[in-house]
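Next come two complexes, and both contain chain A; in the first it sits with chain B, in the second with chain C.
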Partner chain A sequence: MAKLLDKQRYKCALGAMQSVQAITRALPILHSGPGCAQKLSESIGSSGYFSPNIFPCTSINEKDVVFGGVKKLNSTIENALKVVDADLYVVLTGCIPEIVGDDSGEVVSRFEDSDKPVIYAPTAGFKGNNYKGHEQVVDAIVEQYLKKSEKKQKGLVNIWADVPYQDLFWLGNLRELEKLVSELGLIPNTIFGYNRGIENINKIPEAEFNLLVSPWVGLNNMKKMERKLGIPYLHYKTLPIGATETGKFLREVGKFAGVDEQKVENVIKEHEDYYYYLIERYADLFLENRVINKQFTLVADAQYALGITKFLANDLGLVPAKQFVVDDTPKNRREEITAEFKNLNFGLEAEVSFETDGYKIHEEIKNHDYHGYPLILGGYYEKELTESLKGNFLNISYPVQDKVVLDDSYVGYTGGIRLIEDIYTVAVQRFN
Partner chain B sequence: MAYKIAVGSSDSVNVDLKFGEVESFLIYEVTDKVELVERRAATQKHSDSNVSCGSESCKPSSCGGNGGGCGGADGVIAKVSLIDDCRCVICKKIGFQAQKQFEKKAISVFDIEIPIDEALKKITSYYDKIDNHKSLRDGGL
Partner chain C sequence: MAINTSNSNVATRENRIGSITGYVGTLKDLASKSECGTLKGCARCFSQSSTCLSMCGLSQLAGIRDVAIIHHGPAGCSVTSAGSYYMSRVMAKKRGVTSSTVYVGTDMNENDTIFGSTATLREVILEVNKRYSPKAIFVSSSCATGIIGEDIDSIVDDVREEVGVPIVAVHCEGFKSRIWATGFDISDHAVLQGIVQPPREGVKTNKINFKNFFESARPEIIEMFKQFDLDPVFLYCNSTVEELSHLSESIATTCICGTLGNYLGNALEEQYGVPYVRSINQCGIVGFETWLREIGKVTGRSEKIEKYIEEQRAIYIPQIEEIKKELKGLTAVLGMGPGYTFEVSRVLDELGIKVVWALAWHYDKKYEDGNVPPSMKYLLDNDIDFEASVADQQNYEVMNILNKYKPDMYLSRHPGSTVWAIKNGTPAIYVADEYMIFGYKHTLEFAKTIVDAIKNRSFEENLAKRSKLPYTDWWYKQNVDTFLEEVK
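Up next, the complex of A and B:
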């Protein structure tokens, strides 16, 4: 029997249209029913030059189910090329055409000789969620567009992180990662967001290595690029937030890239001096509020669940209760991610549960003894729950309805400070 | 379960007529086989069959009344009603007005130009699958 999923925290693979949209001047062409894009789009900063409401779509209906929709797909691509000025056209398929067996790949291959690149990513919902869909889009770019380059640019490194729009902080996070990497004397290359796009995609093959900052999303892309483009990769699992983790991050990236150790240490020292200056000034605030939140719980995708758990334990000395990873992490990645949760300072270990059912998560939180008010960082679904437990709540992961994020970031030294500000803003509001 | 399919064809071989051009619909009945059971004339719709309305309110022709030409809403409604015992209708083209009227009656519209045989085969296979909760993926359509 079909299972219902309570409080789901991701979308179907076609949600990857947002990953395409995050590439400036890249246009998704949807081979799907007319409602898909509408359902998948949200008012979370997705308007602009292209927006979900104008994505070309085959709007397939019953007739196309019976007789096939390839003709419609062909004309939709043909006309999109004529009337929409984009740099890259990415055809995404929904469930229906894939179930009835439209050969979308064949249709797309007819456009190989067009002036602008047209590529195709199968993103039927039954193949997985939008984390997988995001990987499919990057895969499509690597497989169908990029070619191996003999020329390498010294110090050039492609940076990959979590899923745009699904992670509301995606833009700020990527920019902050770029900044950190460039301080090591390397040249960062990313493809998403303002002032990035096809030019940056073209540079991918010239990089010396790929840097993946994510527990699991994108790992398949790294392997594909290693095979096809001959680019080695560094898989850094923890999103670095705060001084402890960012220091580790810089050292590891520096080591991998062969950056002079002293140079790395100098960068770290300069940041840490300022970071701890800020912490020191507010030490009394942290001490006072310690009593109210002895334990914390994250309800987030693997990226934030792991990154913030490490930050709160290592930098703020809070004690983790159970952590919940809600992104339907592939089973074969769970073990190594669980191991990361055990790898905290002060001999602390966090218990982690890979759970997508919101009801079960809420039951576990309700039944746990937090030895006081809990601190819960999660999706909007946890707000009411936290209120009923008289705890402190911060909305950091999908769905985010409690916060407007333009280019804010929770990465690096500044990201750590931002997160501290946000958490303690919530804490002090309780008394004021 | 038996159902009927209305087809617009001039030669009884190909779906080659637009909805508005059809003078008589071929009505196929689908049971465990598919057979042509009727040719239903659309031209006499107002004089003798009174398919869609009481005889008082029906004008002899929907053409010309308000200078709107043929195919106004009344004409379309009458023609749609003529075949409202069918599960779907297949014509080369079907206008927006008519599509909406069919939609209202939950009759599916297939506007496509192919041989009747092929259309019937695909559509009956589709209905067989959805009626019997079979996956649309099995064996293609």
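Up next, the complex of A and C:
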């Protein structure tokens, strides 16, 4: 059902073109209106090897709406293969071809024997948002490109996290997750970002297991890979930020992979020693400033809402006010995510609301008693609101206008330190 | 042609003024074919992404202060709302005013494409009106709602009385025109239809409507116009609904870009007798002077304007002549909307830079008044010719040309375009701000910017050396018109 989308924080399924773009040398081919790609992109690291104005597009016009755009799709794919040098071509369909009934899958199948793989993901805008679109793209790779492998590589683990570009920190986060996992003696495999690509996609079937670090995005992909490729998965819901959560993460991954417990503890100890060396030196700043109050609110997708809530509560000892998950989380996933919000130190429980209507979120924030300056971590929409409440604001989730991120990360031990730096960089700009 | 504001639909540029998006040849050929009416645009059997007209149309409307935009469609269509929110806040702040403009979507899903969702749309309109009390409401369609036949006009008519403020249906199906500038016309049409009122009796004013994008030169234009006893009303960024309602009372309309201002200017002239200043635009020396003189003629202020021109020439012309020495003999390729390509070409010629190829993203054969765009007429009258194409923002065509001609610079006005020239090793100048070449002062600055850009090519060289271009060798060996097909 249509609804009032006030202060929008996600795109449509076709936004998954950014997931394709995040795979080095993978090219989205859009069967859509001429301007969808430009609309669904922004200047946040999008001028790489390919950029949205490189994406071939059928640029559907009025005639195609009436007579169908199949012929145009065929010529666009055919010529894209000639003009643009890519390793993988991913055809993404927008609203129009799906409403008028173009058989895009059939057109794509005509290119089965081309030198480079051409696959297809149905991503009409009305089929869901870009979190769902991201899953569609991974699904397309699994279904149409990958084959089950009898050969397994010892210790190889595929790591999956949240949605590239939608998550400003996607690149740094993935690299940090890889680093943590490799410290356990495992071999991480990811498909997004620098120096990853088709070869990493080819390695997916050889992994011993899939590690999904996300509250819900990608779970369907894990199930599909389990069925089709016989790869078991570990679903770790909380993005680990800071010492407490990263320790838990390493222990659970270590246990699942059968890593020696002492080895895991050694890794944790080494990180914690340095982490607490930093924390100890800055503890006076945390304790003796006049602006960071105990109570905080997150307005973010499930990943950051949950991850940062756990970090601020379990690492820094702050107290969650109400938290808002804004990614239109599927209804059947909400219960278990809510349970995670209630699993905090000292029996603390964070109240969480799955809400896409920004007006309602703002009303609730305005009406909450933060007994002091509120600390709000959210989208750019919360900036003006937080200013009106004399609070402290950090722009961590879509839309982001306050921060430029090239490869920074909010994951692991270093990610926790980065987040502290960012929060207190806001705090020190005022006295009281 | 007659502009019909009783209907919420605007005919596309293709149908209304014969605009085209595909052509390769020379400027003279393009112009003479337009004049005798034989110009036929081509279509492409391969294209890369460009721009959606809804982005142009609705972003214009969202620049107006304290209004509501309701974009009825899937979430991807209304994603412009995030950028519009940012723009309305930072632009208002810069001007020292506030704006509570909201842009919302309806997050249409699969069920809605089958069963329709006009009932929800109705509720959304009423709720937005209740929450924000906007001064006007614009309700837009999208590709999806357009195809399934959601009747937004009826819904708008139905709630008009209840909302109590101007409410307009805006038809923004992205597929209906290859030319995103149709979106500018759509926004003008909506303003004319819903907000502009007939002139009040007895109101005398020295206001002049000034259609622009982001008003960066607003303070200096106000200062300049004061000397002519003219008071500019800048549109639509930071406009108020009240201001817009009185556009019909102004003594003239002018614009920074013919593509942007043509529809509104002609409509105000046709419907309310507000003269539209038809001239080449304010870029460069000749452009600025021609434009000022035309304003002088239209508003009866020629004497004051001649005095101003004389004073300013004395300050700037010697400086511009000096910098021209450093530019002599340089070559350029440029790719912009037609409202700028043929104006900037003229300025480059004026500065002694040789245009080797000019790409216009689209081309309007004729404006609403039935005449060839003034920028084009000027080039023809002055016997300026170069290779030209109408390229619909097709980056592969730009790269093919840059690779063949290896110019000293590439000038572009659209996001995402300059980086590709740089990766090709060509210095790029991003002419984003519409006032970048405005008048004597900015023409001088523009010339200096070019000198700077040519002088230090470190960034271009560093990146070009280390990045691989995405196009195949095959493509670089093809003619630029390889994928153009005659329209049947």
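Operating definition for what follows: the second predicted complex is superposed on the first by the 425 of 432 C-alpha atoms of A that agree within 3 Å, B and C clash if a C-alpha of one lies under 4 Å from a C-alpha of the other, contacts with A are read in each partner's own complex, and residues count from 1 in each chain.
Throughout what follows, a contact is a pair of C-beta atoms (placed from the backbone, for glycine too) under 8 Å apart; a residue touches a chain by one contact, two chains touch by 3 or more.
Predicted model, so just to flag it, every value in this text is computed and none were measured.
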| item | value |
| --- | --- |
| Combined model on chain A: chain C and chain B, fit or clash | clash |
| Chain A residues touched by each partner, larger count belonging to chain B or chain C | C |
| Partner chain(s) touched by A:S182 [first = chain B, second = chain C, both, neither] | neither |
| Touching partner for A:S109 - first (chain B), second (chain C), both, neither | neither |
| Chain B versus chain C as contact partner of A:I99, first or second or both or neither | both |
| Which superposed partner A:Q8 touches (first chain B, second chain C, both, neither) | second |
| Touching partner for A:S43 - first (chain B), second (chain C), both, neither | second |
| Partner chain in contact with A:F67 - chain B first, chain C second, else both or neither | first |
| Partner chain in contact with A:T425 - chain B first, chain C second, else both or neither | neither |
| Partner chain(s) touched by A:S51 [first = chain B, second = chain C, both, neither] | second |
| Set intersection of chain A contacts, chain C complex versus chain B complex | 62, 65, 99-100 |
| Touching residues on chain B, where the partner in the complex is chain A | 108-112, 114, 119, 122-123, 126, 135-137, 140-141 |
| Of all residues in chain A, those that touch chain B in their complex | 62-63, 65-68, 99-101 |
| Chain C to chain A touching residues, read off their complex | 44-55, 72-83, 85-86, 89, 102, 104-113, 117, 120-121, 123-124, 127-128, 131, 142-144, 147-148, 174-178, 180, 393, 395-396, 415-417, 419-420, 467-468, 470-472, 474-475, 483 |
| Residue ranges of chain A touching chain C (in the complex, touch as defined) | 1-15, 27, 30, 33-43, 46-47, 49-62, 64-65, 72, 75-76, 79-80, 82-86, 94-96, 99-100, 124-130, 356, 359, 380-381, 384, 398-399, 401 |
